[in-house]
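Two complexes are shown next, each including chain A; its partner changes from chain B in the first to chain C in the second.
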Partner chain A sequence: FCEKALELIRELQRMGDGQLPAFNEDGIRQVLEEMKALYEQNQSDVNEAKTEGKSELIPTIKFRHSCLLRNQRCSAAYLYDRLLRIRALRWEYGSVLPTTIRFHMCAEETEWFNQYKKSLATYMRSLGGEEGLDITQDMKPPKSLYIEVRCLKDHGEFEIDDGTVILLKKNSQHFLPRWKCEQLIRQGILEHVIS
Partner chain B sequence: MDTQSYMPVPPGIGMEENYFSLDDILLSHERLPCKTECSFPRLGFLEKSSDTRDIPEGSKMEMPLWLAKGLYEKKRRVLSVELPKVYRGGWRTVFGADPTVVDLHKMGPYYYGLGSQMLHFDSPENPEIAQIVLQTFIGRFRRTMDSSQNAYNEDTSALVERLDCLERSLFKAGQSGLNGFQQWEKGRSSHLTASSLVINYRKRKITDLQA
Partner chain C sequence: MADVLSDAGDVSGEEGSQEDVMTPAELISKLQEAWLNEKFAPELLENKSELVECVMEQLTHMEENLQRVRKGDVKASVHRMEIDRIRFVLSSYLRSRLQKIEKFFPHVLEKEKSRADGDPSFLSPEEFAFAKEYLANTEVYLRTVALKHMPPNLQSIDMLKAVPEPCLDSFVFLRVKETQENILVEPETDEQKEYVVDLDEGSQHLMRYRTIAPLVASGAVQLI
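Up next, the complex of A and B:
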């Protein structure tokens, strides 16, 4: 009993650093089926115990009830932990997720992610006066306004505030304002160069 | 120091477990030897050695902790739990003599957690169990902390393999603190880096493509 639920937990535990594995829809469905079967068995036993007064069935009922609670705990923890990882993704990757990750989320999780993005954006807009404050910027204290960056892979064209368009090709170096590059550096497209 | 975005639910402290903590769930899956005090009708299929329909009274089984906790009642009607050998008299003297030499990972990777949970079962040796768990932790703590703060840029697997899970998380925290400090010393604390999540994703994608 409850082996399948534990397997789900182990799957998550293996990715210790916060990556999101594919949503194990099969696994969840099996756990729910097992819960249903246990519940139905318990129901019939409870009825029997009540009508015929067989109090010796009570330990069995307690046993099945413990299994049900255990399955419930495992599936709730699985879903909750996945949500925590998705939330971390918003802070690391920015608002647009690469397609591979999007395949790993189920429909409800994508929905949750969109809602979370919206709440975060509304909150950021409400801070700091009219334009709001982007709190996902400046994760480390900045030392200068402009930084030297090197491009790690082709990203196409990139426009900065005064209108100049910069072509980001592999290994090209640029001197750019910090706030524009921070997102790209975090995503691994640019690399911060310190001389 | 890398800012942490993913903060999983940590395991509970002492006798409590955190409901959502993955570590606690895996910990409560550890098996304990138990003896049933009353019979369990219609559950005979769980007991692979016997062919009866029920589990009779007084049969010895190994149950996972969560099941033992769920079925245990103060009036001792249902279950009696025996202590696993790691917490019994003989081993307790070993731990008392010198806690640092013991390979806690081999003894069951959740030594401290399981020990704290055993206190739920009202065995007469409870105070001694509590005492020995505490003493072991105190004895080993200094060495764990020492090694975590001084092993910079080395292969730490030899140090880590004898620790149980609680000590390992402490070790990891110490290491990340040490790394952060070293980065700061070198003046690289303002160096923006790609987040570790992103790097790990890339690595996995490449290995997926190669497979």
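Up next, the complex of A and C:
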């Protein structure tokens, strides 16, 4: 018993820090089925013990109950750990997740992510005065004002503060204000060139 | 840094001087203290929303100042750097808080609910709303994906037990700002006995957070 539940946890442990493997729907379903079977066996045993006074069934009942608790705990741990990884994705990638990752999330996880995004956005908007503060920016202490970046993918036009429009074409290099580039660097569109 | 801030300080002094009882330099140093304390404390510290508001105001004024300066002027880039630095510290401070709220969410909400009316709050109203939403979101998720398919007697999870509490016994470095006498240090193991230490101003120590938690709250020590 509880083997499948443990396997789910091991699966998450194997994936290197923060990666999100595909949602193991099968695994969860098996754990739930095992729980159902255990519970039903327990129910019938409890009835038997009550009506026929078979107290030797009680240790088995207790054992099954602790298996049930274990399964509940393991599956909750699996699901919760996935949520934590998904939460980290919002901070890493921004509001729009890469499609590969989206395929690894089940519908409810996507729903959780959307809700989390909304909560976070409401909170950030409420900071300070009018527009709030986007605290997902400025992740590292600023070292220099402008940085050299290389464009990794075509991204089209990009406007900076004083109105100039820069065309971000693959492999072009630019000298841009740091604060404008942060999000693009994290999304993998720009690359900070340290020479 | 002082005269960049005093430039901005002149502007804010005219408009919001009733609320700003500190000079901008004092404000920023208070922000840095709060930031370091929050970063190194294992639990969520008192909410400092007036400080956050003042700093945001300060940043807005500095940005406005910056718009007026001619481009390419050296002063502009110094101002810009300063704004970036302050914004980083503020963001990092708020991020630390949010991370702790998310990590300990059931305990944080419980603490806030059970505090007496006169006590200072740990969560700003917005943080409280965020924490509540986070709890509801997670509960709904767990229920929909797994719990409702489980046997009837296992369909709920006690969040307070399921989510670990902050470890108040973790060790922190601190610098003493105001001399403290007779701080009682509880024994860690059964063989030790409790003893008393005196903390002199300016000295630095490594202690369990639990022992000095009230001193952090009162501002008598600074975590480093």
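Some points to look at:
Throughout what follows, the second predicted complex is superposed on the first by the 186 of 195 C-alpha atoms of A that agree within 3 Å, B and C clash if a C-alpha of one lies under 4 Å from a C-alpha of the other, contacts with A are read in each partner's own complex, and residues count from 1 in each chain.
Here is the rule we go by: contacts are C-beta pairs under 8 Å (C-beta built on N, C-alpha and C of every residue); 3 or more make two chains touch, one makes a residue touch a chain.
Small disclaimer: the values here were computed from a predicted structure and weren't measured.
Looking at the superposition, the partner that touches the larger set of chain A residues, chain B or chain C, turns out to be B. Contact with chain C, but none with chain B, is seen for A:L32 once the two complexes are overlaid on the shared chain. In the superposed pair of complexes, A:Y116 makes contact with chain C only, with no contact to chain B. When the shared chain is aligned, chain B and chain C each come close enough to touch A:R87. Of the two partner chains, both chain B and chain C are touched by A:A76. Using the contact criterion defined above for the overlaid structures, shared-chain residue A:I147 touches chain B, although it does not reach chain C. In the superposition on chain A, A:I9 contacts chain B only, with no contact to chain C. Contacts of A:T60 after superposition: chain B is touched, whereas chain C is not reached.
Looking at the shared chain after the overlay, A:H192 reaches chain B, while chain C stays out of its contact range.
When the two complexes are superposed on chain A, the residues of chain A that touch both chain B and chain C are 69, 76, 80, 87, 139-142. Contacts from chain C toward chain A in the complex involve residues 52-53, 55-57, 59-60, 71, 77, 80-81, 84-85, 87-88, 90-92, 94-95, 98, 102, 126-127, 129-130, 133-134, 137-138, 140-142, 144-146, 149-151, 154, 157, 162.
On chain A, the positions that touch chain B within their shared complex are 1, 6, 9-10, 12-13, 17-19, 45, 56-57, 59-60, 62-63, 65-67, 69-70, 73-74, 76-77, 80-81, 84-85, 87-89, 91-93, 98, 100-101, 139-143, 147, 181-182, 185-188, 191-192, 194.
On the side of chain A, the complex with chain C involves touching residues 28, 32, 35-36, 39, 68-69, 72, 75-76, 79-80, 83, 87, 106, 108-109, 111-112, 115-116, 119-120, 122-123, 126-129, 133, 135, 137-142, 145, 162, 178-179. Taken in their complex, chain B has these residues touching chain A: 3, 5-9, 19-23, 25-26, 29, 38-43, 46, 66-67, 70-71, 78, 188-202, 204-205.
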